[in-house]
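For reference, the structures are reproduced in the following blocks.
Each of the two complexes below includes chain A, the first together with chain B, the second together with chain C.
Let's turn to the complex of A and B:
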């Protein structure tokens, strides 16, 4: 009895993978039965391989029996063309050859499928777990919260080098077909060698090169995803990223926290009001200081005007330099405490915030009122629930500050109107960015429900 | 090529914009380079004929307001032909920009009131940084003295005179508040005379004393009201509450605390003689008494008080009428409610000296002020 030879496909595949060490090309032989396996060891689940393929082979009596067993496995797929086959093998598929037939089995070993804690949008109430870095797990998490046949899952393959899966999720009954078509076209257009994460993909979905305000939202909260799916939005998930993209979004989406749904109405109303006050504080306060100390001190109360004037005694630079100086240090502090390891970041904040602040006033570099303003600004920036928007507001603040330094109170107003105009002119996949929808929660969820 | 050109243009634009940042411009003036004027006094000048002596009270910023013990104000004055000139000259006397934006009081000398008021007050209505909500007042002696006087209760960064006239500080029916906008409107308008408070100084206690008022007549000698008249007038015009009133009737003395005043009047001309019907309602409690009072007799007290108060109001109204001044604005009401005619004010000027007053006083005492 002559030994059967591996099919020529296997050899050419092995040739292709060389000199990688973790490819396995092996044969199973028992009493003249023979099967060939080809896989990449590091991405294949060894136990599963053993249980679903190797052991049954030795228990089966015939090659035909084994072949039909393999064919009936749920994770069996057809063998695609050569190029795609290579990609799938490197993703953890196992190629099995019996007789002249070849089968492709999905026995992927996915190590990054644990469910992440919510870090970007933590809430007190509501789900505490976010999504997973593995897209299959993410889809599972979404499906398990949304048992509905109208939830469609659509794979989009981009030919970037990493060959990651990009998945579109939407509720077919509720989604706006125009928006969906636009997103498909946008994804089609993307032509980049490497896509790494949801945030990465988001940049390519944004219309223009120079953007300040995000037109799609990156989220990690499954409750937000479901809420938006029901609202008729499209979810884009990418393998390897614990976040997904929601599109289209309006400005006010960035100002809402999922926790708004979990509190009693007055508490929610209060927190929403707090959030908007925080938003206005963080973009206006520095400019306001400049406008009031250098252009129109008349609008302050006399007591405050005298206190501000008193606290500025000996400060060498004009007010806007003072504000820029302090904002610069505040931004450095924020950035530093974000990048530093958790254990050190507390020290950085203390050293920076407390010591620098006090020392700066002692040294008459800034006024005491300035320190209060800067701290209020720093705190209120973080009241904005979605991180991307709070980053955008950090920059908006500077734009307003420049306008105010040049033109005073009028400049502040003109700058603000300019920003409003800019936002009103912006759209997210055809939806006006500043659209205010006077809708109740139940109306919002019934959106486009024909 | 086009790309480079575009980039150059962009760079130039950014450079120009950055350069703009360095030009702080003329409007840009830091708060520590301004000196806030917190009071203006105008007196007739001794040095310049027909001129004015303008005194400014300026607040000096202090590093720490809480640790400053004494009030920190500086005063300068200058004689000149006009107010504007004097202030312009004073700008050369201080190193900082004179900022009138926080000035809320303008004190005038009494002698200036009979002169052409509107010409020197014109400056304040024209200058952009003077607020129309500034108070105008008359000094009992000289404006300079009233402006430079620092009462014992004045604290740093809080100007005592402001507290008199805005309702955040003391609230007394003796204090009449007149704003610059009112002053301007009433001086130039017809049918109403402006009432202004008189700021006196109590040397003994080292405090201000604001309890009298003066009624302006353009181009004529003004009429001064004593403190009781001021109180009555203020309670009727401005519905000033906290009005305490003493009634003496059959060896009984009552002091009332009135906390609600309502006044309505009607000019009636179609009857035999012209008449003004005035309905006054005052609600309050008895604050002090030298006799035991019973709540059952409350109505009796009401009547006693009403008779007495009515007498006082009538006295006030006739005094005003005799002097031909009209702080209530009866004339204004007359003008506003008749068809406009050419000589409508002359008509009123004929009617007013002969008009009769019919005052109906309704006093409602809510209690005797004590628990039985």
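Let's turn to the complex of A and C:
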């Protein structure tokens, strides 16, 4: 009985992987039957391999029977070209050769498939679990909430180094074909050596180099994803990221929380109103203070104007320096408390917020009213439900502040219209970014499906 | 009727509440303004109806595209240039009036250049936007501003300082024959639909004006036109108001909010109308710029694949605007707006109708040919 040799493909593969230690090239032999296995140990599920391949081999009577058994396995795929094969092996596929026939089996060991808690967009009502870092699990989570054959899943391969899977999900009946074509073209265009996460990909999907407002949305909430799928949007998921990208989006998407759907109408109305008032406050208030104190104190009623002027007694510089100074420290504080470990961040906020605030007024570096305004601004920034938009608004605030410092009350008003113009002039993949569509919820969900 | 059409008309109407028009109307209060107002309303609505009707036959086309094929180029170029100039003047008058108002009432210590500069940056950006985006933007600004304007007017009508006797005296002047100046000035207020000359590019599905749409439009126009004229008279007195430069500013300054954080209504009023002024300026200059570039366009004038024709025009726009704002007097702008309303406005309207009818006729005669 002559010993069978491993196919030449196996040897060249092993050559390619050398000097890696975790590749396994082995043969199964029983009474003249022979099968060869090739896999990377650390990414293959050992138990499953044992259950589905190794044990059946020894129970089968013939090579023929084993080959047809392997062929009938649900996780069997065709052997692709050499380059792709290398990539798939490193992702956890097992190559099986039986009597000049080779099979590729998906026995991946995925450790990052647990479902994450929602961190970025927490709500009191509604689903509490987000997506998973494993793209298969993410697709599973979405499919399990949207049982519809029109939900299409399309893999996009990018030639970046990490060879991650990028997946497009959309409802074929509802999606706008132009938008879909644009997204495909955009993904095609991306030519970057490394893509790591949804945020990373979003960055490359943005149209121009200098962007302030996000034109695609990153989300972790399955309910938001389903809502937007029904609304005809495209979801882009990337392996290894617990967030997905929604496109195209409009400005009002960033001002909506999923919780709006879970409350009674008046409560929802009230929270939405609060949110927009918060938005106006956080953009307007610092600039308004500058316009009030330095340009037109006569606009306020006389008692208030006197109170403001009185609290500024002893402050040694003009109001715009004061506002910049305080805003700068507030931004530092926000940034610090985000980056620091939880244990230290409490100290930072106490020292920064309480001590610095009090001391700054006592030292007459700022007025007490300024402290109130800054706190109000800081709080109202966090009312904006989507993080990216509140980051953008933090910068917008500074732009308006500069414009107001230069031109006074006129600058405040005209600058504000300028911001609206800027937003209205933007588009997200051809969809106007800021326009009022006067659509009810049912209309919105039946978009393009008339 | 598309809601954006309303915005075109309403923005034009509201902006003129603050500018020179009320003064022209009040100056003619003893010589037939009241009848002119009514006449202008009727004529204005009929003209608006026909304008929309005519433009609806050229879906998605501005005037340059409409007359391109049917009017010889030697004739169409001067016509478009003329329209461009007039629209530029309309925007310029808004800019000058608002700059003067700001200079007088809001920031008297600021240089007039700085005030104009505050508009420059934003309006330049706005002018270069696409027509559709300008309309989206104006919708949002109108929604933000409208409650304030409504509030000011409501406050005015409910104020105890409003003396209805003055209004009655003004109405009694109805027995005078309409005066030409008052008529054309009021006509200018209601003829905002003429902006379709370029903005029709946005309306690809413009329908003929419906009865409901025209009714709402007529009611709005009537209310605003009558308020523009009668409310200042009710506050300022029938004869005394003749000497006031900006009747509406004076009027809104007579109203106070006793418990408001902002006590003087005039600041809310100026703020709201400043926003509208920016929109109106953007619209007018956008039209002007588009008309101008349809006649004169330097294809080779480029810098790194960005064509510099439009920026060049804008530089001219601003240079002229700066110079005018600096040199013109309050009386000067009053005289020139009056002149514009008296002579140029009728020419614009007639010429616009002639062009549209020529385009329509050309399109009709061409249609059977192209079918063969």
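In the analysis below, the second predicted complex is superposed on the first by the 449 of 450 C-alpha atoms of A that agree within 3 Å, B and C clash if a C-alpha of one lies under 4 Å from a C-alpha of the other, contacts with A are read in each partner's own complex, and residues count from 1 in each chain.
Rule of thumb we're sticking to: a residue touches a chain if its C-beta (ideal position, glycine included) is under 8 Å from a C-beta of that chain, and two chains touch if they have at least 3 such contacts.
Values in this document were obtained by computation on a predicted structure and should not be read as measured data.
When both complexes are overlaid on chain A, the residue A:418 reaches chain C alone and has no touch with chain B. In the superposition on chain A, contact is made by A:408 with both chain B and chain C. Look at A:127: by the touch rule set out above, it reaches neither chain B nor chain C.
In the superposition on chain A, contact is made by A:295 with both chain B and chain C. Of the two partner chains placed by the overlay, neither chain B nor chain C lies in contact with A:65.
After overlaying the two complexes on the shared chain, residue contacts for A:432 are found with chain C alone; chain B is out of touch. Comparing the two complexes, residues 295-296, 298, 302, 406, 408 of chain A contact chain B in one case and chain C in the other.
Of all residues in chain A, only 295-296, 298-302, 304, 403, 406-411, 413-418, 420-422, 424-425, 432, 434-436 touch chain C in the complex they form. Within the complex, the chain B residues that touch chain A are 20-21, 24-25, 27-32, 34, 36, 38, 59, 61-65, 99, 101-102, 104, 129, 131, 156-159, 162. Against chain A, in their complex, chain C makes its touches with residues 102, 106-107, 110, 114-115, 117-119, 121-122, 125-126, 129-130, 132-134, 136-137, 139-141, 143, 260-264, 267, 271, 274-275, 278-279, 282. Chain contact summary for the complex, chain A toward chain B: residues 292-298, 302-303, 305-315, 318-320, 402, 405-406, 408.
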